[in-house]
Structures are given as C-alpha cells and as structure tokens.
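For reference, chains read A, B, C and D in written order, and residue numbers begin at 1 within each chain.
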Amino acid sequence: MSEATRDELMTVAAARMLANGCVCFVGIGLPSAACNLARLTHAPDIVLIYESGTIGTRPDVLPLSIGDGELAETASFVVPLPEVFSHYLQAGRVDVGFLGAAQIDRFGNLNSTVIGPYHLPHTRLPGAGGAPEIAAHAKQTFVMLKASPRSFVAKLDFRTSAGFLAGDGARGRSQARGRGPQAVISDFGILTPHPETEELQLTALFAGVTAEQAQAAVGWPLLLAEQIDIVPAPDDAELSALRALNARTQLAHRQPVRIPL
Amino acid sequence: MSEATRDELMTVAAARMLANGCVCFVGIGLPSAACNLARLTHAPDIVLIYESGTIGTRPDVLPLSIGDGELAETASFVVPLPEVFSHYLQAGRVDVGFLGAAQIDRFGNLNSTVIGPYHLPHTRLPGAGGAPEIAAHAKQTFVMLKASPRSFVAKLDFRTSAGFLAGDGARGRSQARGRGPQAVISDFGILTPHPETEELQLTALFAGVTAEQAQAAVGWPLLLAEQIDIVPAPDDAELSALRALNARTQLAHRQPVRIPL
Amino acid sequence: MSPALSLSEAIERFVVDGASVALEGFTHLIPFAAGHEIIRQRRRNLHLIRMTPDLIYDQMIGMGCARRLTFSWGGNPGVGSLHRLRDAVEHGWPTSLELDEHSHAGMAAAYCAGAARLPFGMLRGYIDTDLPAHNPRIGRVECPFTGEQLAAVPAINPDVTILHAQRADRAGNVAIHGIVGAAREAGLAAKNLVVTVEEIVDELPPAMNGVVLPYWVVSAVVHCPGGAYPSYAHGCYARDNDFYQRWDAIARDRGAFNEWMQRHVLETEDQRAFLASLETVAA
Amino acid sequence: MSPALSLSEAIERFVVDGASVALEGFTHLIPFAAGHEIIRQRRRNLHLIRMTPDLIYDQMIGMGCARRLTFSWGGNPGVGSLHRLRDAVEHGWPTSLELDEHSHAGMAAAYCAGAARLPFGMLRGYIDTDLPAHNPRIGRVECPFTGEQLAAVPAINPDVTILHAQRADRAGNVAIHGIVGAAREAGLAAKNLVVTVEEIVDELPPAMNGVVLPYWVVSAVVHCPGGAYPSYAHGCYARDNDFYQRWDAIARDRGAFNEWMQRHVLETEDQRAFLASLETVAA
C-alpha cells in the first residue's frame, strides 16, 4: 500500500480518538471522513449527527454537503435543524464536536469569519455556521486544521468560536459548558492543551516530522510537551478502509444527475 | 322528530356560527359536537384543531377526550403539543376558539380554576388547560355555558381567562390580540358584546324562552339588546345529523377494549 | 445501549422518595402501568408533573404518593372532576398537596425550555389572568429589542420522566406513533428517561421524520404490553372511554377508591395481573 | 384553498422590490427555480434571508438582486467559497451588501421565534465570540428566575418565504420528506408562503407525524418539477454534487459568471428550459 498522505494521516489520527458509542457532531470534510472511518473500523456504534438534522447516520459514501440525501437515507431519524441545536447540542448530549477554521490561536480560539477588518475584509470566509455553539456545548471538541503561519496565528482577525480564551482557566469561568478543544490535529501532528495554562502544546508528531518543522509551521513560539510522542503510522486496515471510502465517494459524486420531468 | 333538547339547541346554534373553511380550536363536549355538526352540514371544509396536536381532523364519532385515537386517525397531520400552542394558536392562525367555564361574568371573563379562595377552595375545578391563550390569541372566541346564578356571576372567584376585562375598550388596550368573546351560547339564548361598553347583552333567545327567564338565570342585571331575535329552531337535517353523530359516539365509547397480550 | 429492565426494577432504580417525576403522554400513551408500580412500591413525597394529571395521578395522589403537583388541567377528560385530586386540594386527604399551576401553553414552554436546557421558557401567555398572582413560577421577561413584556416560566427538568411508547428496538431506540403531546420534550428534559413499550423489535420501522428517542437519551426500556391501559397505544388498542366514565363513581368515594386500588393495584403483582383483574385481556 | 399559480405569476405577485425574502431548505429542497425566476424578473434591493446562502444566493447576489443578507454560513458546501458573495462583500460588486450575520443556532432560534410570533428567540449562544460586537441584532436577555444571561436574537418574519417540496395536494397542503432544516419554521414565520413542488397529487400519502404545511398557511403552490436542481428532492432526484464543484470555477470570474447566467437563466424562460440547457433532463 502506498504511503499515507498528510490528509490520510490527519484523518486516521482523528478517527482513533473517537471511542465506540460516543455521540459526534460532525462537520464536512476531514472530520466527516474521520468519523466515518472510526465507524467502519474500531467504533461501529459511534453516533453521528450532522447539523442538517440527520441523527445516527451510517452513510456508505461521504457526503459533499452536510445535507446530502445519503445522510437522511441512512439516519435513525431526521429532526428539524432547530432541534439539533436546542435539544441535542445545547442540551449537552454531544460528546465530541469537530471544528475547522481558517485561523487558530495558541489557546484554540478559532476564526472562520473574515481575514482583515469585519466591515472591509481582505477575505470574506463562510462564517460561523454551527461552530460557536459546538465550541461551547460539545463536551469536548477536536479541531482539524492544516498548519501555516497564516492559519496558526498569534492573533486572530476575528473570534468566531471560543477555545480557552486567554487560558489559565478563563474558559472555566465563562458560560461555556463543554471542556473545549482537547486536541488539534494538524498536518505535522497533534496539539493538546497544557493542563494548567491551557496553551496548546505539541504532544505528538507524525513520523518523519520534526519539532522544528512543526514550530516553523506555527505563527507563535510553539510550546513543546515534556514528552513528544510519534503518532503510530496508519495500519493497512485503516488505510484501506479510508481509501475505499474515498473511492466510493468520488465515484458517487460524479454520477450524473438526471431529472425525471 | 322529537323536540330538540337544550344541549341540541346550543349545539346547533353554535354550529351555525362557524363559516366554512374557518380554522377552529376545539374543546371537548358541546364545542366538539358543534364543530363537527358544522362540518357534517354547512361547513365541510372547516379546519378542526384539537390541542392534543391533531390538525384538520374529521372524526366519524365525537372524542371523549381531546386526544382520542379517532382524532389522530382522521387528522391531516399530528404535531407535538407545544407546536399547536406556539406555531398555530399564538401565531394567530386560529379563527375561532371555543371556551367553556364554571363561571362567566358580564364582560365574558371566565373562571375554570376554583370556587372559593385559591388556596382553600370550596370547589377545585380542573383549571386553565388551553383557555388563557385561546382567549388571548384566537381571532374570536365563542363561549358555551349553561346558565344559573352560580355560573353567570357578578364577580368571578378567579379569572382563568380574559374576556373584555372591565369593558369600555380595556381588552383592546391589553396584550391580547384576538377580538375576544363574540358570542356566549347559553341554554336560554345568545349574548354578544355591546359594541361600545363590551358588556354582554341578550341578542337572541331560543324559541319559548322569555327575556325574564334569561334574566332570572343570570346573576347580574342582564342588558337587553334593542332587538332580541328568536334563534330559528334546528331543522330536520341539523337535528338528524347531530343525533346520528351522538348515537355513533355513544356506541363507540361503549365498545369493550381488549388488550392483545 | 439502554438496559432492558423489568418494571419493578426500573421504578426501584429511578423513582426514589421525594423525586420529581413526570409521567407524560397527552391522553394517548399514558404510562399507567408505571404509575401503578410506583403505588405498589409505596413511594412518598413525590413531586408529580403532568400537563393533565388524568386518572393515573388521581390514583397516585389518592394513594398518598405526592406532596406537590405541577399541572395545567386537572380533570377527567370529557367526564368531569378528578375526585382524588379535589379531595387532596379541598380537604388535604390523604395528605395536602402543593400546587404549581400553569396553562397548557405555559407548561409546554417550560418543557421545551427543559429539553433545550434553557433556564426558562417564554410565551405570550397568562394575559390578564389571576394565575401569576398565585404562582411565583410565572414571571415576566422583556424583549431586549422591542421592550414588549412576555410571560416566562422556569424550565421543567424532572428527575425522571416515564413515557409509554409502541415500540423500542433491542438497542433501546424508542419510536412513538400518533398523538405525542409534550412527551418528547418531557423525555428530553429529564435527568433520567424510562420508557415502557408495547413491544421490543429487532428493527424499528423506517422513521425518517418520525418521532424517535435515541437509545443514548433513554435510561431504561421496559417491555410492558398493555402498559397504557385505560389510556391507549395507537395501532395497538383503543382508549377505554367507558372505563374513564366508570372511574367517576369509583373515585368519588374514599372507600370505593381504596377498595378498588387494593383489589386491582396493590393485590396484583404486575400489569398483566392488573389487566386480568379487570377482564380486559383478549382471549 | 391555496391558489395554484405559475412560477412567474407567483414571483410577480409575492416578491416585490425591497421585500425581505427567505428561500429556505437546508442543502435539501433549495428552491432554485424560484430564485432563477426572481433573477429573470430583475428584482432589486431584496433583503435575502437564508441560513446557508448556497449557490442560489450567490447567483442572486451576483445578479444584483440583493441589498442585504441575513445568514449564518456562506460557503459552497464541501467545496469552498461563494465567490459572488465574496465579491459583493469584499469589493461591492455588483453592489454593496449589508450583512446581518448569525450562527446556525442563533438563526434557528430567530426563525422559531418568527414562527411562534414571539418578538425574539433565545439561546445559550455566541458565547465569547466577536459576532455580537458586529451585529446589533444579537442581544442579551436575563432569566427572571436564575439571573443567567442568555443570547437573544430578534424574530425573523420574512415578507415572503419560498420553499420547495416533494408534493402538494390539490387543496394546497404541502408534504416534506427528508431533511427539513428550518424550512417549516421559515415558512410559518412568513407573511406569505409560496411553495414550489415536484408534483401535485389528488391525495397526500398518510402523514400522521410527518412534516406538513396545511393549505391555510400556504399563499400559493407552484407545480415545478426539478425546481430544486442542483439541490435535490429526496425520493425524486439526487443532489448534483458535481455541479456544486463545477460552480466554483464559474463563479470565480465575473465574466464567466455573467455569461453562464445569461445563457442558462436569463435566456431560458422557465425551469424546464434551464434544465434542458444543462442537459440534465432524463431522456
């Protein structure tokens, strides 16, 4: 089997963090791949919720959008979107929420709104979506984000969703009920919050990546944990399940749609 | 056909007030009979909502409770109870609400809570149910209530739902959005609010009942309209439809229930 | 995975003396069997919560299980009074009963707030009525944009909600069909949710937009056929309207009530025996 | 009885210049045909409202229909940016666009408040984010019982909501199957509700607990097969994920965008012609 790509490394690393039976609030892209990979490997009873209202979905191919028909077809049931946010997320029923962003800071706060000033942005990003409340209410969140000094920044242009704020227990004193970002899975490795200061620290690297490379990819002086592990390489079962999933997905998304008029 | 009973007179009179196509929030008892009689006679497209969440029901027999299976079986659809009150009643989608009570005063305010002091009542009544918000939000309400000096009282023991408050436009200055009780159908005839003072006045009597008898049944000096009509007697079609409905209903409610274990 | 328990185990584990308990189901799917088991286990000082206390709370109140009642309409539907409820309020028999009284719309808003884990619910409600003057749990909130005053009620979050449903699968997912009332909100608002069901199946029928309570919000599932009688389970058996009418005479009299409860509830060991004692079981 | 209108009649009657308009449907059942007809009729100064503007609002914004946008996530799902939306915000092309920006949870609460005719919705939301500082329509409300501070948003009550659904009956009752998003709330919140449908049937399938909008809340029904394409109608046709990916290149460039809109929308007279121009119609 060919060597794993960075996307595959991130996806497999995230999938491994998901315990069987946990309730996940899934975002599109790598998080969706990670959650479904977990379901197809070690966590068959993981419960996947997409914000479109599909609960307990078991898609055979990955959705492109968060509301593809595949998600509804394979769901235990479908609820109106307001209920997903009020009765499930806000109610504290979600164990793990996944978040992505354009920018992250050293305390896991995220920006997915604008680069530049809000009213005259250099780059207008898609915006908040479910993120602010996933960040607040999921019992914990995992962030998946590729690193560059433009994405891992010393100061966010806009705080779309709260991580540990300024650290040192600030989040615990806020109205947020979840424990915040417990892992940031990037393409160099994994950051986790320092137990006291809550600053993100490098705790694991993918094989072949050095701490110096990780530091260079991050726009602040990166805190190193006392012990930095090497993330075990994806095994054949993981890689082949993921590649088969992605292959099925690409095939499905290229199916021509014909409207029966 | 035998002469109509007081219940039948009230039911037929109420049914006639319902325009075809109007959306009715139905209570159990005489209102339910009146609404369904209207549907079975001149108003086939009347929309009946029961607070149990059944919308657009067309029951073949009258329900004993507001949530009999018959109502769900014959409904266009069934929604959770909170939605009936928020999305339909509070949203101003109900044309006519029916109310009953133990006590009514001269301004159509109603008591269905207690006789005597609240904390040590002489008679504990069932309470509010849907009434306070039906009274506030239905575009108009009809009250059905048999008269006696104990039920038509000068002063309520408890105001469970608001009619015209103290009259003279008080309701219009309140937060209530509906027009309030536009008719009280009693067993002597019909009261409607005076256009200015909003005090209930006698505007129609059932055949054979005198204004003096009506006055005697009411615990305050009853206001008489300048012209008092005689309610036309139920015709054969109305009476036979109502009696057939009641006969079907009694038969159905006596069906023994057997549990398949 | 929600554990499948016997009814007596479930009540023993989840309904303790002094607990706040909501047996919901609006006319339909009222969990009578669970209420009877609470009576058999002689629970005391319960805070009972139900929009419509119905016969089941009339029985529990009459048997002395309750110290407090949150409700919005306390009658025998289409028949008249709940005489045991009245006796408790009017004469303190067998014990006094504290009332937390609402309208349907208010109580629905309180359950919705509970399910959403908001501290309060709001509505355009209780307008110019005497209820707020007698219930401190009916307050006001001001719209921060328009300045309008609205009614507010504290969220209801029962220690345990007990529901009855047509079916669950072996994992503990529960599907409800028909009139649902505020059952779903009461269930999601609870710290623990116990569901009695007519049948347990390998796989639930496809639900799509149906009413489902997933196994990971359900604390226990109890297989209890006929568990809603004399209320009903849509598609399984009808409401026994005749029983509701006959209850009026039974409940009117303390002696007749006690005798009935003794014979049909205390002296029967479970729902099957209860139904047999009433001769309601299909041959 | 909701009148059955042609799409052009319905847009002409219910969507006027300057109106607030919500085309809802979350990924599923997005009323593309209605959006295209609004473009053809060259409506201006619209206040567009949608949780996810998606391609349809990218097109309407790029064609100069909008002056204001209420939204909570403005991307091309799974693909990237909405380039026309970005161009309007970043460069004011073709006109500037005022933003009323929310989170999904906040906007859902606003629609629910609108459907219930409450002046505001509330949530535990926007906690320690920069959104409230840039949007005066995100406020605070205090729980009258606990003193807790919650986020508040004004109700959304569009002048007109347009939905797409699988089917309506001849009376105008509309049934939705599958992912429903906030479509029902957006529909019930509106002053007028227009629904385009795949088919009109004599009788809807039995709904019981399904999603139905009754005819007496619907202003007009439009028979418009394929009206959600390139979004989808569950049970009728799938989402054209490939089209969503191809849109990225079309929308990146003002010229390519204008050419595409000219050819496929302005120069086609209706949805059937639009679909034929894309060769998506089944032989």
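Assume contacts are C-beta pairs under 8 Å (C-beta built on N, C-alpha and C of every residue); 3 or more make two chains touch, one makes a residue touch a chain.
Bear in mind that the values here come from a model prediction, so they are computed numbers and not experimental data.
Chemist: Shared touching chains for subunit A and subunit C?
Modeler: Common neighbours, subunit A/subunit C: D.
Chemist: Most remote chain relative to subunit B, going by C-alpha centroids?
Modeler: Of all the other chains, the one whose centre lies farthest from subunit B is A.
Chemist: Tell me which has more C-beta contacts between its two chains, B-D or B-C.
Modeler: B-C is joined by more C-beta pairs in contact.
Chemist: With chain centres defined as C-alpha means, what is the inter-centre distance between subunit B and subunit D in Å?
Modeler: That pair's centroid distance is 41 Å.
Chemist: Can you work out the whole-Å distance between the CA centroids of subunit A and subunit D?
Modeler: Taking the mean C-alpha position of each chain, the two centres sit 27 Å apart.
Chemist: Could you list the positions in subunit C whose residues touch two or more of the other chains?
Modeler: 117-118, 123-124, 178, 180, 208-211
Chemist: Give me the residues of subunit A that touch two or more other chains.
Modeler: Those would be 72, 78, 86, 90.
Chemist: Output every touching chain pair, sorted by label.
Modeler: The complete list of chain pairs in contact reads A-C, A-D, B-C, B-D, C-D.
Chemist: Going by the contact rule set out above, which residues of subunit B touch subunit C in the complex?
Modeler: 28-29, 51-54, 63-69, 71-72, 78, 80-82, 85-86, 89-90, 113, 118-133, 136-137, 158-162, 165, 174-177, 252-261
Chemist: Under the touch definition given earlier, write down the residues of subunit D that touch subunit B in their complex.
Modeler: Checking each residue of subunit D against subunit B gives 115-118, 173, 188, 207-210, 212, 214, 216-217.
Chemist: Mind listing the subunit A positions that touch subunit C in their complex?
Modeler: So the residues of subunit A in touch with subunit C come to 21, 23, 47, 55-56, 72, 75-79, 86-87, 90-93.
Chemist: Please output the residues of subunit C touching subunit B within their complex, sorted ascending.
Modeler: 26-28, 51-52, 71-75, 77-79, 81-82, 85-86, 89-90, 101-105, 108-109, 111-112, 123-131, 134, 149, 178-182, 184-185, 211, 225-226, 229-230, 232, 234, 236-245, 272, 275, 280-283
Chemist: Where on subunit C is subunit D touching in the complex?
Modeler: 117-120, 122-124, 137, 139-146, 148, 150, 152, 154, 176-178, 180, 208-211
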